[in-house]
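Dropping the structure in here first, questions after.
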């Protein structure tokens, strides 16, 4: 189901290129960010953090469109994205 | 103001002839029964009851149409009417 | 002759038995309510409604909280419980659940049911608890001398709002509906027959029934707001309209415009007890019957 | 290269400062909420809304009651008060009235605000008290291990309704509206941006604002009702519709049909404080200004 | 002690303004006459109709125990109140009643009667019967001075009603003086 | 006293089922082995993530004081729990850990390790790691009999999951027996 | 249909044992509100009650819970609620209603460390004085304090028996440790359990006076719906139940309400003595701290100290005679309780200077350790030793 | 604008005097709920507060009223509520919150006869033990008891001063008689009144620890909005205000909370002695019963009995030393209070068998009569006379 990975407000937010950061030791491995990233940037990891959870792996960092959806849904303040300055054209293509 | 003395539900209740009774020592002289009797059967009295209030005077007993309005509005269970058996025709005329 | 009749009527000989005396603890009458107080007519219509409903009086109970209105429990010749301020509904809930055969009527004041007791009210309504709740709304706390209540009109004067009430009152039928009540009506003490019929209807249905009754408190509310008792009653007469089945959401909050009276909600929804029995005590539920 | 980037991102070197860290007591993070708990996203959207509103953070206060959600007050880097079960609203009321310059946000759970605290809620709404109230509705009492709440769906299983909840839940926006709230919205944790915008709007208006947030409690509610966290989120996605300005009375009580989300009420009515000042403290009211 | 202390008991039913009467009396003693004074109000749950009383103590020394034990002055505005308290009266207790509401019986002491309620009704101010009774009490018992009482009336009643209340007070006071004069004459005649 | 009494401390984080493990152990002792037994559960406000422990006392006589003072058996399913309690251990305390979650360090006693969580994951029942640990504890420490433990498992877990839980129990128990055997061999080899 | 009495051997918590005790005692209504560490009582009642024909309801708060059980009891059904400190505080107003209306009911307080929210998951015995004095005005009630799950089962039955017999609210004052600890509970057959029913109203309905004392000063009770047309009020009332607003009526009502408890102290105020015959130091304790005392007593005796223990199974009314009788004989009392000195005040009062009194207590979060008690014993025996 | 302090001579009730005392003490927030006989305090505050820049709000119940004053005080404003027994019972939970969070506030209880609704319009002193023990868990607070309207004025100011100085809830335990009685009250000029302000947080905002004790063991207090970014919780907490769920933290927090009161008993525990020098019989009393005692003392002395009076202006913390100091010297103590024995239990405890202790009390509805006290004196002096 395609729809499943589209954040509910994807249409209304400006898409740029982003770099996603994971504060690993805060993560409790709920998987929300992985499930809801519209670009499938994130993936489950194998390794454990200090508390024994599996933080997400940034599998496709280049695909991040800086939509902040992972940041918004994360219950742990453990993930966020920051904008990468780059050519707007490239961005728009990415997001399309 | 004519309307003032018509009980709100006068249209919907059957009118007969009534005899109104006052349990004087229960009365606290609020005057509701006097004000709301549609037939002006009741009037203020001069005399005091045990507690020092003026119970209503049944000024026009023959006019009572047994509508129970005084009974319904009395806060003190101090007044009530009972039906007097009489010719229905007379009644209807009375009520008209 | 007229004279004779009058004398006879006004003595206590022969005719003093008021039709409601059988439902009154006559040894406690006259009651404590002030002259012109609207609790009396509300109480009397309630008793007539109970009688009219034909329920077994031996298994009919009245529960009250604290306040002038709450004193009703002390005058009714039924099993009657005068509890704590605001707690009549949860008390009644325990009573009804412990013995589902009881018909439980809660009769209390606006402060009792909606100020301190507001939470119990909305939860009982939500549960569709099998109770009939009658609220004497006299727009203030009568018993304690006329303080603002959750029903006091905006800018009305009370002893705790000496320059006018900065708050706005609840619209009780709307609140009851929003909370989940399945029977909601509003009348005034002038509408004795309608009120009586609403009580009667409430007594014979399951679930949570709520009836608001506008009633004067001439001594504490009326005095401070230039409302002599007869003025209040006149307002009830000229400034109300009856709209049965009006949507509770449309009932104007008291203020401008006429006060809407009527029977607003009468919905058939599984009551708490019938749902509980179905789910938890099938052994008690009459087979094949809903 | 991707590999390198990944490593860099996932270390704590250089990038670990989360955009909300300035509003968090980071020395208390990680918080106590379970993996997948919906309180975190609600809290985070609230903080973003507060930031976006541009209010002075130094005069912004968070007040919570008791419950998992109520722990939020312990994580926010604002003046914050973790009070007693159900009493956040009256506590916040005293705070706001004592110092009207404060922006007071109440953040608490459905049990806290609507079970034990229901009365305070409806009265604060009625008064149009100058507060922003955010309710994490996780359909149960998380903190005490998953008992039924006033929001638990009909027939849902909890530890105190082992065969299903015989009661029906409140429709919170409808209740808030009926009580008198002048701003009412409902979102889910998936609707982070809408939620954030509602918080932002609420922060900059006077009067009583209420925002309900549907949030999963996977551990206590989810487990007993076959709702894994991702299942709940999916429900929020596929089983909701957004209808801004929908009439609260039309919001279907949860049950059949999609859950209606949106900003339902946004009404301009004199708040308690502005009315009080006008009536009682004209000396304090700014001259000529409403 | 009782020499320097006056115990005054005023009784009636709720709604008659008994407590205000007591309050004015006490304030007159305390603030006008610079004596010590306490006022105890006793009332039931209801605002109207129930028994109600005001107990005023006036003395030169500090008043510790504020309850009236044996009243020096007993004023009754209801039959029930009169009957409830008459047994506390001493031989020299000054008894005062509203003559339309109380029919004294069985007591040995002389009774001073005033038609306070009727006078008030005549003035069109039924709710000022208590102030008329106050004037009457002051005139007959002299527990406080007339000046102290008048100024206490002024400062105790709602703004705008001072004059009407003073008029009521004076009516009661004059009535009291007249009664006393009549009594003196009678005594003189008898003596 | 301590001769006839065993103090067992199991620790982990909330959500691992530590309390259920303790409850089965205690029930096995009390109902299966007909000993006296108490179980104390200690937990924080949160259901997940916080430290959590179960303290089981097993003895022949009545157990008055139910807190573990010096554990005879200490089983840890989290690093934090291990570190918190290791100082209570005696020289002869039997130490057991989930080897993937706990890295023991600094202690003198021998450590019995089991990959309980991993074994559970392999079984597709991650939440049965506690039952595997239980089997392991029983095998290694013999604080209760195998029969008592198995029947306590059956009567303590949700209906319908008995077999899966017994399988998990047996896996842990077998693992424990194997470890013991290995150790014996090693000791024999060393000795 | 599940068995009413769960006869047999069980490994269960104190909370669970309380629920089973209640069911065995005939409790058929529970109105509650969740709170750690009492929630499990409610949860077990939610499971168990409907099966035995009773009703469980989770109310909107503790005030409502308390009101609901009074209502249920007035309808003729044995009723209970359970809570912990914060909820107990909220029940105080209606506890007074139960006392003045003489409505039998049982309130379980599984104590945790306070004040306020305090330490919700950790035990204490800090509500013992509140149990006696927490509601406004003078009133009298009964409070019991079990120290084991087994006692919790039996004392809950005793609580119901006393409540029904004396028409009084009875408190079961347990704590988090007993509440959450699992241990063996042996439940006898139903026929072996002593279950007492309230004395019901009998005779001519028009002559019945709801508050006219019968035997033992306790009025027979008519339930709603039985045709006696009672009026029950929280106002001061006469024997008819009618409010009478006089000091005289207050006096006569209160005198009887206190007397019905005081006159029956022998039946109510249960204590248990351990090694009191030769004791020089007497530990006075109740609830979970009795466990500490029994462990400490063994240790102290092993060290040669003559230590005895007075266990208060009934804490209120305070078993005054038991303390007075020892006061002349012993070298010291040590009250052992998880608080900063509550029941110890009563012990001190009753010792009347005849024996020095000490407290081995702290403000909660854990048990008193047996060591602390042994230390207290040593100190008490030091000449002139004051703590 | 009306004057802040109503300097001059007034004839007012105790309730009114309390309101004026509060205003004079700087109270600027009142959250209340009407109840006889305390309503007049609220009503006067409703009139007076807005004029002096304060706020009055009538809350939906007493729970909310109590919560609102704690919130207001945390916002930096002196705050009060008033109630009577039933409402006082409802305030108990949040009273514990005020205690554990060290929030200054004043709660007035105008006592009426209970339990439950009891005699709403008639006085008693039946909530005195509840004042000390009514909330769950161990906590410490201050309770004062004025006996006249004049004292009511001054003791209300003292209540605010103690509340602010020690960051503790302070109770003014008066009763219907003092509350509704009118008498002369002389109000000094504002400049003659001693008004104490709380010690505010100062210094670097990032270094401030909200519960780190300052002078006298009391932490300086930061109000919301002052930039100190405090966290305040009803959970057991450390000096940062952060919850710490251990018995150790509980111990250290509680030790300080109790010590700040105990160490300052000299400042807090006010008593007044009358004729104690030669007294053989000492009446111990407080609040309105002091009036009875003073009348009775005059009568008894006139009869030749050497009677003295110890008036407890502060009832909690109990002025233990004042009683202990007398215990060895006097023939008997008679506690005079309108209840069935509450403060008398403390007197008995502290007398420690050195002097027999009696109670002249009843359960309310009227004052104790001076005659009853004189009788008690006579009985106490009879050899072997026990009441």
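Per-chain numbering from 1; labels A, B, C, D, E, F, G and H assigned in written order.
Here, a contact is a pair of C-beta atoms (placed from the backbone, for glycine too) under 8 Å apart; a residue touches a chain by one contact, two chains touch by 3 or more.
Everything quoted here is computed from the prediction, not taken from an experiment.
Note on connectivity: the fewest steps through touching chains from chain A to chain G is 2.
Across the structure, the highest number of inter-chain C-beta contacts is found for G-H. Averaging C-alpha coordinates per chain places the centre of chain E 54 Å away from that of chain G. Chain E and chain H have centres, each the mean of its CA atoms, that are 36 Å apart. For the pair chain B and chain D, the distance between C-alpha centroids works out to 58 Å. Measuring from the averaged C-alpha position of chain D to that of chain F gives a distance of 41 Å. In chain H, the residues that reach two or more other chains under the touch definition are 36, 56, 60-61, 63, 86, 93, 97, 116-117, 120-121, 233-235, 245, 366.
Contact of a single residue of chain C with at least two other chains is seen at positions 30, 33-35, 66, 82, 84, 115-116, 118-119, 123, 143, 145, 150, 276, 280. In chain F, the residues that reach two or more other chains under the touch definition are 44-45, 48-49. Against chain E, the residues of chain H that register as touching in their complex are 9-11, 36, 120-121, 177, 180-184, 291-292, 294-295, 298, 366-367, 369-370. By the touch criterion stated above, chain D contacts chain C in their complex at residues 115-119, 122-123, 126-128, 150, 155, 163-164, 166-171, 174-175, 177-180, 247-249, 253, 272, 275-276, 278-280. Looking at the complex, you find that chain C touches chain H at residues 66, 82, 84-86, 115-116, 118, 141, 143-145, 147-148, 150, 159-162. Those residues of chain D whose C-beta lies close enough to touch chain H in the complex are 25, 28, 58-59, 61, 63, 66, 73-74, 77-84, 87, 89-99, 101-102, 119-120, 123, 276, 280-281, 283-284.
Taken in their complex, chain G has these residues touching chain C: 1, 28-29, 31, 50, 53, 55-57, 59-61, 63-65, 67-77, 79, 93-94, 97, 222-235, 242-243.
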